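Both complexes shown next keep subunit A, but they swap its partner, so subunit B is in the first and subunit C is in the second.
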Partner chain A sequence: MPLIQIFLNVLIHSSNYVLIGISIALLYQTTRFLNFSIAAIYTSGSYFVFLFLRIFNFSLFLSIIFSIFFCVLIGFLIELFLFKKIRKKKSSYLISVLTSFGVYIILQNLISLIFGDSTKSIRSGAIKEGINIFGARITPVQIIIIITSIIITIFLLLFLKKTKIGKAMKAVANDAELANISGISSDKVISISFAIGSGLAGLAGILVALDVDMTPTMGMNALMMGVVAMIIGGVNSILGIVCGALLLSLAQNLGVWYFSSQWQDAIAFVVLLIFLIFRPQGFFGKKFGKANI
Partner chain B sequence: MKRIIIIGLIGLLVVSSFVFVSCSKKENIIKIGAVLPLTGDAAQAGVNTRLGIDLKVEEINNSGGIDGKILQIIYEDCQGDPKLAVSSIQKLISIDKVSAVIDNSLSNVTLAMAPIANENEVVLLATGASSPKISDAGDFIFRIWNSDVLEGDVVAEYAYKELSLKKIALMIINNDYGLGLQKVFKNKFEGIGGTIITREMFSPGDKDFKNQITKLLQNNFEAIYLVGYPTECSGVIKQLKNFGYKGIIVGTIVMADPIVQKAVEETGYDCYYPIPKQPDQNDPSVANFMNTFNEKYDQEPPMLADVGYDAIDIITNALIDSKGKEDGILIKEFFYKMPEYNGASGTFKFDKNGDVKKPIIVIK
Partner chain C sequence: MIYLFHIFILIGIYIILSLSLNLIAGYTGILSIAHAAFYGIGAYIAALMALNFNSPFLLNLVLAMIGSAILGALIGIPSLRIKDDYFIIATFAFQIITFSILNNLVSFTGGPMGLPGIPQPVIFGIKISSHLSFLILIVILCIIVYFVCNRIVKSPFGRILKAIREDEVFTQSVGKNVSAYKVKIFMISSGLAAIAGVMYATYITYIDPTSFTVMESIFIISIVIIGGAGNLKGSIVGAIVLVMLPEILRFVGLPNSVAANIRQMLYGSLLVVFMMWRPYGFIGEYSFNRNTDNG
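Let's look at the complex of A and B:
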């Protein structure tokens, strides 16, 4: 069993699950529904880079910065013009989820229409063999993916714990109305969480595309894995999501190893079911309860 | 009063259209239906086939038609959509009363129309459909294009005999297409003495193959037989390079796709794959087709024009054999017993499934 390679595979996959998992969790915490539009923003991230890099001939770094900016903008705009309006009408959970699903379908089809359905690539230079580490292989891009994810995760952890906005987010997550009464604008906080979540999702999409290219439908699978990681880890704990992502990708890797590769996705959902039955609040999650007055 | 006039006019219109339809089955015309994608994504294929069909129809009618009857093609544009194709073939059979139907290169369109053709005992002749499922689509379904499974056989033999590969690993897409080819390849390769070392699978639409490749590369083999669609194949090839794989890749006709070709070029792998052999241009039938096509359209025949031409020719042969009697069963029986036919797209003969075996070559 190639332990080092499996360890590296787990790190690469889970670093992506972490980013998309946190992105979904941020939105879920503040709005209390699973937002499918994140899947489309994830895809948009990589296609914006493709647009800037290949069509406007910007540098890769500049393209990534612009792309994340546009993802944040899209997230902010759909919150402002869509989800905020729905929230004001006190629409049900189902309507919110369906709306977000509608946004996903529209954006994904738009991407298909503009860029076509075939694989697009944003890697530069020739395809090279990975660096040999005791027989295991890892490419420089994959190392960058892992390091970026670690840095972003630590940064977010500190941001949510230490800053005023981070604390406000927690307050809104606990009880939006109560937060409003104590002078926190829940709309503002939700807008910020949309912006951060969208930026994160876009970045996650870009990092994956750098490694394994992109297609217009890549977002949905990523979203599913992010949701599984988030539920395993617990919605309100970033460390939990990190653990969830690690456990999920480890289970997938071992599943391929001991069973067969066509069971990869099925194994992810088996892990999810086990957690939903035995520990629905996740690794470190506390049971969510509305604050009683 | 006004209302009565309007109703009267509508009634007249309805009656006259009935009369028109029932009169339209003239005694001296033989009708053949053609359901082609003439607009939409697959339009190029349909338009090309149409050029070949028109050419042959013109030739036949100029030389006196079939038993004194003139051949007429009724085109229906299915836009590559199986739903539209189904209503098209229903219209062709019940209203136009065609004696046979030709369709194009989209397997799902052929499969959607197949039950209707079988039920009405009308021959459906596909010019470019390649799905293995068409072999079992029914007695009235024929095609003059190779089934995908045929290439599995050819590639397995080539790998063992020409490339001297003895140990091969499989990397297969987990659907009908992949599993069908895997079965054919495995049977042939092991049958002639090779060994299949291991097999890994991936799902349609997958982009990340690290887990599969990690496991695959723990085995010792000389080549990988890769079956998938362009998106997955190019991904697998690129990621194999990342993992430092140094062997040979044997593939399917998908490898001819520009996306995969680009991946092969960038990674520098030795990649072998099958393509249909171009018909011999010195053959009189092929040369005749090329010349007449050039005269009529002032261009070289594009892809799929030759099969359109041949489709009309063999249907005509069947109609001549039945003395101009337009009976689907007679056409079907003629096709099954037809000797080897030498046409514009090469020589072929239908087997018991209505399939042909045209020569395939393997290229690098």
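Let's look at the complex of A and C:
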């Protein structure tokens, strides 16, 4: 396999890890727990597109817009009816994590109940050979995926830095109580981050489905890759997540090159374990103490 | 009658699994989603020993427990360095890596084809082959595991585990080596989970990696939580309820493919409902609420 092909594959994979990684990081920062229900929202994104495109016969663009809207709605409802109430009770993060697990199980099985476990496709037309770049191949869809991810990442970067809501999100991430005192409604900010996070996750799911089809369990794997990218890069910065995603997919692609593709997951998690043991704050993260009481 | 025996045997296996997970999750307050990995490791060690070396059942059981306990120490050690929510990810990683090894080392573990023809246990010359004899064996093992767990949680060792659960920093400040306790309880718990694995492998006489996935881990966690974390009797109640409940669906007459999804959704809903309104489970003592780490 030529080097340029590996480079392209790294770009394709990491652009997806970045989207789901940012989605998880947004929620993790504002709510302080790892939200597994994002995995189900990721899957629902692509299945909504399938529903609108194949069953209601909408155009692809319209289906994607509707699908993202419904993902945002699901995220918002989950937050409103479950996680907000849990926060009000001042329960610990373990309760939230387990609840999000429950939500994931319900949604994932609902999807496989409705659509079946077999692979579904939203690709149109015959499979083309792809564009040749210096002996490496890339399909137009993959180019679109990469460009979309770059645009969204830059947009989010600016959004968090420049807008009032973005700054409020950072304030809540830093210290929710202090943010509340200074007049920022942390509930509102968390709702918004749920909405953005869900939309992002849905979009990431759609983009992957455009390239490699969908199954009801695709979300969990994607979520874990996003988490790995997030932890490698450091939770606190989007650029960190981008670097984490690049490093992760580089490790995976080299691994596939040396061994074989079935070890992809194992490689990702070995990288993760190494980071967790030796540098748990990630590349760019600040070192955190165990006793921040 | 055989059907009933089969259900009871499954309940027995899950009682062992949830009792052992309760030691970590309920008593020490560390959430691990790698329990199915230890369950699987136990099953695979025993199966490979029996198939390759034709070694006796009790030796396999002991070796499976030791092997699983060593790997338990391996996953326990990172827990000393990382915060709790990262630890969940670390156990998740361990679970995926284990599954990946079982699934991909085809020459060694049989890969997705699994390991067929695992010999049934022979204990002191008695061959355990009928459902009834298996049930008796599993009941005996359950009782032993229950007494071991009971002994642990009632001992000074168990009290320190509870102290770690309630306030880790405080426990350390009164001179207890929290790290050593965590690693020890991880080893014990993984060793006990291996018993369930060995029983499953010899009972079904066939294993493949799909029996030991993340979903299985989550199922075991659900048993512990719904039964009641921090209470050994809760684990027994939980295992009985969660194994029996989906069996009711069988009598409603749903097709098999639908029933599997509905069963999972039932577990998911129970998990959400209990976490929202009754985090103590049926008869638990610990609600996963800790005040120490609101970071």
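Following the convention adopted for this analysis, the second predicted complex is superposed on the first by the 284 of 293 C-alpha atoms of A that agree within 3 Å, B and C clash if a C-alpha of one lies under 4 Å from a C-alpha of the other, contacts with A are read in each partner's own complex, and residues count from 1 in each chain.
Please note the rule applied: a contact is a pair of C-beta atoms (placed from the backbone, for glycine too) under 8 Å apart; a residue touches a chain by one contact, two chains touch by 3 or more.
Quick caveat, the model's predicted, so the values are computed rather than measured.
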item	value
Touching partner for A:213 - first (subunit B), second (subunit C), both, neither	first
Which of subunit B and subunit C A:34 touches, first, second, both or neither	second
Partner chain in contact with A:265 - subunit B first, subunit C second, else both or neither	both
Which superposed partner A:104 touches (first subunit B, second subunit C, both, neither)	second
First (subunit B), second (subunit C), both or neither touched by A:139	first
Which partner, subunit B or subunit C, touches more subunit A residues	C
Touched partner set for A:175, first subunit B, second subunit C, both or neither	neither
Subunit B versus subunit C as contact partner of A:119, first or second or both or neither	first
Partner chain(s) touched by A:187 [first = subunit B, second = subunit C, both, neither]	neither
Footprint overlap on subunit A, comparing subunit B with subunit C	262, 265
Complex contact set, residues of subunit C against subunit A	31, 78, 81-86, 88-90, 92-94, 96-97, 100-101, 103-104, 169, 214-215, 218, 221, 225, 257-258, 261-262, 264-265, 267-272, 275-276, 279, 287-295
Touching residues on subunit A, where the partner in the complex is subunit B	1-2, 5-6, 9, 12-13, 118-119, 126-130, 132, 137, 139, 208, 211-215, 217-218, 221, 252-253, 256-257, 260-262, 264-265
Footprint of subunit A on subunit B - complex, ascending	174, 200-203, 205, 207-208, 210-212, 214-215, 218, 230-231, 234-235, 238-239, 241-244, 259, 263, 266-267
Partner subunit C, residues of subunit A touching it in the complex	32-34, 82, 85-86, 91-95, 97-99, 101-106, 108-110, 112-113, 117, 220, 224, 227, 231, 262-263, 265-266, 269-270, 272-273, 276-277, 280, 288, 290-293
